[in-house]
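Got a structure for you, written out below as structure tokens; questions coming shortly.
Each chain gets a letter, A, B, C and D, in the order it is written, and its residues are counted from 1.
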Amino acid sequence: MNLAPPDATTDARRAFFDARPASAAAVDLSVRIGGLTLANPVMPASGCFGPSLGRLIPVTELGAVVTKTVFGTPRGGNPAHRLTEIRAGMVNSVGIPSRGAAGYLAQQHPHYQALGVPTIISVGGHRPGEYARVVRDLAGSGVAYELNVSCPNLDRHGADIGSDPDAIREVVRTTRLETDKPLIVKLPVLVSSIADCALAAEEAGADAVCVANSIPALPLERYTRAPALGNVIGGLSGPGIRPIVLRLVWLASRAVQIPVIACGGIETVDDALDYFSVGATAIQVGTASFGRPFAMVEIVRALQDRCLTDGAGDINALIELWRAE
Amino acid sequence: MPRPEPVWDDAPVLVHDIVGERYHWLVLATRTIAATALAGQFLMITVPPKGGERILLPRPMAIHRRHPEQGTVEVVYGVAGRGTTALADVAVGERLLVTGPLGRGFEFPDAALPTATGAQQARTALMIGRGVGVCAVMGSVEDAARLGLKATVVVSGRSRANLIGLADCAELGAEVIPVTDDDGSSRMPALAARLRARFDAGPPDVILVCGAGVLARLAAELGAEWGVPVQVSLEAHMACGLGYCHGCAAPVATDPAVEGPLVCVDGPVFDAAL
Amino acid sequence: MNLAPPDATTDARRAFFDARPASAAAVDLSVRIGGLTLANPVMPASGCFGPSLGRLIPVTELGAVVTKTVFGTPRGGNPAHRLTEIRAGMVNSVGIPSRGAAGYLAQQHPHYQALGVPTIISVGGHRPGEYARVVRDLAGSGVAYELNVSCPNLDRHGADIGSDPDAIREVVRTTRLETDKPLIVKLPVLVSSIADCALAAEEAGADAVCVANSIPALPLERYTRAPALGNVIGGLSGPGIRPIVLRLVWLASRAVQIPVIACGGIETVDDALDYFSVGATAIQVGTASFGRPFAMVEIVRALQDRCLTDGAGDINALIELWRAE
Amino acid sequence: MPRPEPVWDDAPVLVHDIVGERYHWLVLATRTIAATALAGQFLMITVPPKGGERILLPRPMAIHRRHPEQGTVEVVYGVAGRGTTALADVAVGERLLVTGPLGRGFEFPDAALPTATGAQQARTALMIGRGVGVCAVMGSVEDAARLGLKATVVVSGRSRANLIGLADCAELGAEVIPVTDDDGSSRMPALAARLRARFDAGPPDVILVCGAGVLARLAAELGAEWGVPVQVSLEAHMACGLGYCHGCAAPVATDPAVEGPLVCVDGPVFDAAL
């Protein structure tokens, strides 16, 4: 074979790692979550990031990173297949394997610390009372805790903890006693009233809500109709869920004063601005990072560029330009 | 061997052709990956959006051949579902976003390597692949040629026209045992008998196999009989390829409280334990 | 029915109106919903059918037709735009205009009766107590009532009536007193536990549940980010919601003994079989009829053909072949 | 006039070309629709799936020309979003699923028709359309030619190259008043003055206009001044086109307890009430 020799690194990739113009870096994209100030409003969605992604992208350009959900005690996760892609989007039933709080601290947290970005630790529980214990066991590590209440409540026939405002209140109230760091409550989609859930979190002392987790779904194999996932049910994510989550973010933002962090199908700066326009303060990127590892970094840079071109001094001014109401 | 650092690259498509009756052959210009990839490692290939079709997850694909001097790698794939159907639409001259090299590759155990002082007779390796599974072992055939091992490659497929890698093996000086479904030579008792006849007198020093099915079981059986190590390359559905999404659980039973191996970082190549 | 003569030019259309082979017509596709036997399990989704569609297709081949939801008193519906299409699917905020029960009986029911197919009347209410009154006012018209409880409960800050098992019980219990005809409860998607909702319907005396309504969503215009719908929020429907609704049908089927009617993104016989395989007894077709008016008729015919090719004597035997478990 | 019964048809695409700089011209073979459609009626065109792009809702499109002898209709459309982008990909020879003819069309009021005994002077009609809106009124230009009315057609557009229907008007013997943005002639005071100059001495017997904006307002104003009826064709987002989905509420304020008019069955042509 006699093929023209290409460059060591293609132009696109070289340009990506070139230094950003000083004007862009000077734009103030900072946002506040409780007492915490993040350099910008872009972070990964829990479970869609790990320190190994930091090998591919300049992760220090992100506002924060979020860990995969940590449970108090070790869990092995679900059987294969743990994920698939159908036309409606990605469906995963990873099942949140976890090394437990102690295992996280010993084996994983050091790698997060080495990234040089604020680390938000996602926390899970099988019952409302468990979250506080996990946060206590995390012994002050991390800059904030994201309470993933999209976990089945084993005390209540398995409906998600986060679908019950009373359970949300209990999670936040008990966890609040263990830490002064910001608490973010990450809500599920399948709830009767997202406003009631967000309000419950706010009233109990949460500093922000994250809206939302993936949407439970059942993908079947074509032809055989066998369940495509080992766990039968998984969480649908990706751009197809965006219009559903946009409504939830809009309703949650109108219900509470605390910041709403939007999560659901964000791939580009325009998707982020859609969420900002309905009231979000920050955004998380999940599925998009798999196909385009640099998606988050691109969004941060595009927000800087939009501020410059739209003449917005900071992110709040940019968002004001796009408020839906 | 330390694993090379993965990179993403926006790789120009130099060749995109049909091979045999059902496979697609890609040559990608990606200098860093071509220079660093180990035998048996793989890429994650992002399928670009086209005509409204959106493929969200990148598709894992074995690196079939590495050409570090030319800065290219080759991939051979079959069309399975939406992702590979859309991939087949990519034209020469377009670019593909690829991440790699990824995973644990095949590695000849020390016992299979020619000693520094020179072994008395050439060490030998037996590679077994079926369909596109041949691609996973082809990097080891390259390594064998470079290291002076004698490689024998079982190339299995539905029919003669669909055997992958015959030309590669010829170029690399490997012995090929082609077996096909249409003449029955790929079926299990037949293939097992043939390999025993070929190797019982002088077994290979290592067996490398791709696939979770009967071929892996055969390799494990022969490995146990001959007392040689067996390495097997497995597949799993993947999202990140980097070990962080936890999507690629290996299809093995594990303790419910401890996560089992992940194919993208603990594999795709595993030591076969019979 | 008044079918215009098919076009001389197109074979496809002529073939569609040709008589079906006797073998196909002989296949027993009948299903039972409470005391009612339908000739086959295929019907339109409420709001996605009207007698005018009967001008385009041989509507007598359907198992039943379902009316748009009828409220007790007249409602005008939402302002324009009432619908749009985005990549995720169709989104509608029609808002259920209704002429009220009396208006329906006087102006619309006669056209349904003229179709020669069993008519299931969809019934709405602003409060749990209203449904019984509407059914009484419908004075025995129709073969069954589908209680659309995906309506905001005006007594409870607007969460859907159907998201609260107690409210579902009240709707069914009070309506049961007014009629002996089958009652089908059509559930919303955004509920904490579809099993609890389906069980509440069954316990209170419903004969079937329909799973599910469209999924609330907020579509924005590209570029301007203005809400695309006059009502801001609408219901997402079409194939993109299928994996979400499949899970709900699976869970509901495992929870109750009464039939589950599946509704969500069904376009082809394979989609129907997907739902049958997770436990559905009958199916409804909504969005698909807009682009392919004959979609429902095609599904009925394909079910007949599958029974013949798969050697299944009736629909239950065909479904047994495809049960997921 | 009783409305024709709608049918669906799987209509072969005979022509699919670009016209002007931005429009697409479709000729569809659909005998029943071509034979029965009234002026101002429309089709629902289902966009076929292609390359993974799925368009769920059919797109409403005016019937630009009817050729009952040939069994064909013409449609002219602009690419607006996903649906029309995908529609533009359909090749000649493919078939399009169409439903029609639909809706209430334009109808000349009796006062505008030549009397049975023969009027003293020819009756006249003024049609006004802009961009693809010209298509909605073209059927009335056809009717005028057939009925012996004198038609004057204001054809408005961005530029001369993008005026739709000039050839059609010439073929049908209609007077054309072409106005464009690039020379300012389409702007409101200019166009109004021109029409007053043309018609103040002898007003038309009816005004037919397509569009909800300034042109409709101008038509209503002139109609009131001249004391002649005005009909306007409106657009709305549609799903069924048959009156059952209730999606196409006309953009008018209404009593909250009573549903207002539906564009697909009560329109698209409405009598303009000033």
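In this text, contacts are C-beta pairs under 8 Å (C-beta built on N, C-alpha and C of every residue); 3 or more make two chains touch, one makes a residue touch a chain.
A quick note: this is a predicted structure, and the numbers were derived from the prediction, not measured.
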Chain B-chain C separation of Cα centroids, rounded to whole Å: 50
Chain A and chain C: spacing of chain centres that average the CA atoms, whole Å: 36
Junction residues of chain B, two or more chains touched: 54, 82
Sequence positions of chain A contacting 2 or more other chains: 87, 222, 239
Chain contact topology (line, ring, star, complete or other): ring
All touching chain pairs, where touch follows the definition stated at the start: A-B, A-C, B-D, C-D
Complex interface listing, chain A residues touching chain C: 86-88, 91, 157, 159-160, 163-164, 189-193, 196, 215-220, 222, 225-227, 232-233, 236, 239-244, 246-247, 250, 270, 273-274, 277-278, 322, 324
Residue ranges of chain A touching chain B (in the complex, touch as defined): 1, 3-13, 47-53, 55-56, 68, 73-85, 87, 89-90, 92, 94, 97, 99, 222, 238-239, 287-294
Interface residues, chain D side, partner chain B - complex: 50-54, 82, 86, 89
Touching residues on chain B, where the partner in the complex is chain A: 5-12, 14-15, 27, 29-32, 46-47, 54-58, 67, 70-72, 81-83, 95, 97, 99, 236-240, 242-251, 254-260, 265
